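Chain lettering (A, B, C and D) follows the sequence in which the chains are written, and residue indices restart at 1 in each chain.
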């Protein structure tokens, strides 16, 4: 009905664990087990070169990966400058630079398989 | 040392009472240990593993039990002290009209009471079959029961919920119960050992891992046991048609509401003041602090002294404590009692 | 630095009532209906307000975000500190309207529409919602049955024992003149009319700013209203 | 920060006055469920033999305006104070409020005055200046569903049609929806507290029905005041209601029962709207799930005529529910006005035009 055109079912913003795409996370964890131990302290974000120039948040990259938000991740990850300072400051000694690299690789792979547009 | 041995009543036969009694007995005092349950050992008789070393609580209890068979110690079980009064230089303790005894001093070791999770209605304890408390899980593991959902299935995902009844004005408790965070991590690890395929999530506000080895256990839980941590307090749990549970929290680190279906929920229930505290404080024998625990005379210099001279205290009747802290605290109380009588002489 | 805005906000007793130190647990956002369908996070709003920073508060009052809350107050039930982010929102909206900040956001500008419908109903009829002004063309979601009720209102209400626009008590009765007069005076003496005027005045300014101007240089409120109604 | 007393809410009951009430009507209920307010008074007077005063002089509480932020807290409080003054004039100590938002507002005001007595004095001065009136706070303020709950067993004793499916002999399955402002803000003002108020489930079980728990039971209907009042915001309330329908539908409820007039209306209308735009219905055979007020449910149980109860004003057809209950009604009377005169009728009713 045309007079009801102003209404649409709004998609939920809720993070729905049932709809997670864990393929990327699994592949990162397999190759960089140190990522398991992130405690979201934000040390990486504080020192991040890209984060000081853009709204890039490297801690949130880890979160997006954990929550399977691959589309958003594929955009955000491009902002990383690979300076590696995050890895230097991480109190849990996570090779964050490698995590980012693995995410990029993983996304490239998903793209070539035409799974991601 | 002294002519007639002094008589000390220890109220509560949990580990604090057992340790205090045995230390004082070794020092030559006559002790009556009064326990309201049929057996001594308190909550520890219901636990399966102790943090941080995953040891068997029965070892602690049995060591303390054998120390109780000292000639100076008399143990009275199935008796609850309902009244304390001062009668000249003695304290008189009564259990209803059945028992009355006099003592030169008292050590209160009446312990804690577990938060009744059904008071947090939004978590569905007592309503939904697959909502358990940390105490239920301990007992399940102690009895070596396999971890299964109410319908007998292997859980595929379990959520462990921190701060249940703690740091919660709505539940009437604004303090931190201190040992729940590490208990949650311990239980997460134990669950992973039993159910390697099961995903385990801890929902926390702050991880308060104060012990020197606790943070190491957190790291182990992440690294070795793949336990995942989500920063956000559980808002509600609801049962789905298949009896699994839908839970809602905010993933505060990404600032968005989060919904998850789990097969089982473990509520980390905190320590509340023992119900018997009312008995001791009724006629002003001792005072309670703002949270209902026994108030100490000086939080730095006299942690084991109540507000009444001659009445001492030890263990979780003072505040939430771990097992090792409770035992240390009991020994410290014994020392205070000894000092009290030696100064008196 | 806390400044004039924070001062204003904290003077409202609903703010005192609604916020004692937040510990950022997120229990409110977890079940907030608005957080689910809008880019909205009551927890972070409370944190922002708690910071008291004047510049951040100014931005907040001019933002879309304070207009997303639906005031269901589900947050109040769960907060472990007894806070009520929904009440904090009420205070922010009040200050936003008093200072004119509301006209800076699309959702904020809608306050004019509510004043012109619900506000008008209250003063004219003594009801917030009134059959004669619940026009089916403005409410197509109300369905075919409501259209029937609207078009045959007197008969329909009478058939179910109503007293639509009638004298004396009963469903949808005409509110007696004296009662309406008292209501008007209450609005006048308690700042109710003043708030209506503020909303109108700031909206007029905004209309001019956007170039909705009549030939005599007055703001064209009809065009502005349509603009606000249709803004996406 | 106030610590709550250590209460077990499941055991909590609030005080509900026994008789002699002052009725405060609801804007939304009068507009959309006019028969319900009439039925409430009839049930109270004729079935329960209670005294209730229906005053022409009270007005809207302005609550919808308040929660849409165009009415100040001071104005709101003063209007409430005027209503208390009207009660004082009649010497009636107990208020019965028909609207959930109003009820929440009275609760909020009374709680505010308890905590900030100076606020009450400020309002006293406002009311005096504006109207010359004085006021005292009523002894008891409850919602009208509390009254039906209180007398649910008396109603059960006079029951003509229990909530039993006449075809299967099984209890009818009814989901309850409690309006957010009933007790989410002040749990001690709701029967059974804030999480699982018993006020509607108590009625359902007392009259032979079965209640249904479902995951999104406690979620808001989505009204959101400004989110509905402004046309371009209405996807928000619809999406919230839809979330609830999706969550309750697997339980195949026979009806939805709500205590808030707004929620009742929205559940009724959004089912129609969703049917129109998405072609989806949540009840059986292309019907929606009938949505009832508790006055209508009590009326049906007591044998009142569904058309006198105003159930023809629902968009979602109620007939499937009436048939299951075995209620006697004449389909031809649905659109008849006073003296049996045909009023005209809607283009169609239900969620989809068949």
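Quick note on the criterion: a contact is a pair of C-beta atoms (placed from the backbone, for glycine too) under 8 Å apart; a residue touches a chain by one contact, two chains touch by 3 or more.
All values derive from a computational prediction rather than experimental measurement.
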Chain whose average C-alpha position is farthest from subunit A's own: D
Result of counting contacting C-beta pairs for B-D and A-C, higher pair: B-D
Centroid distance [mean C-alpha coordinates] between subunit C and subunit A, Å: 38
Distance between the centres, which are taken as Cα means, of subunit D and subunit B, whole angstrom: 45
Chain centre separation (subunit C, subunit D; CA means) in Å: 22
Geometric centre distance via CA averages, subunit D-subunit A, whole Å: 46
In subunit D, residues with contacts to at least two other chains: 1-2, 4, 195, 218, 231-232, 234-236, 238-239, 243, 273
Subunit B, residues touching no fewer than two other chains: 122, 169-171, 231, 236, 251, 256-258
In subunit A, residues with contacts to at least two other chains: 1, 4, 7, 10, 12-14
Contacting residues of subunit C [partner subunit B, same complex]: 23-32, 35-36, 41, 43-44, 77-82
For the subunit D and subunit C complex, residues of the former touching the latter: 1-2, 4, 25, 27-28, 30-32, 34-35, 37-38, 54-60, 62-65, 67-75, 77-79, 82, 104, 112, 115-116, 119, 126-127, 129-131, 133, 180-181, 184-185, 187, 194-195, 218-220, 222-227, 229-240, 243, 269-270, 272-273, 307-310, 312-315, 336-338, 341, 343-349
Residue ranges of subunit A in contact with subunit D within the complex: 1, 4, 6-10, 12
Complex interface listing, subunit C residues touching subunit D: 12-14, 17, 20-21, 31, 33-34, 36-38, 67, 69-74, 76-77, 81-82, 84, 90, 93-94, 97, 107, 110-111, 113-115, 117-119, 122, 126-131, 134, 138-139, 141-149, 151-152, 155-162, 167-173, 175-176, 178-180, 182-183, 185-192, 195-196, 199, 229-232
Contacting residues of subunit B [partner subunit C, same complex]: 122, 163, 167-171, 205, 231-236, 248-252, 255-258
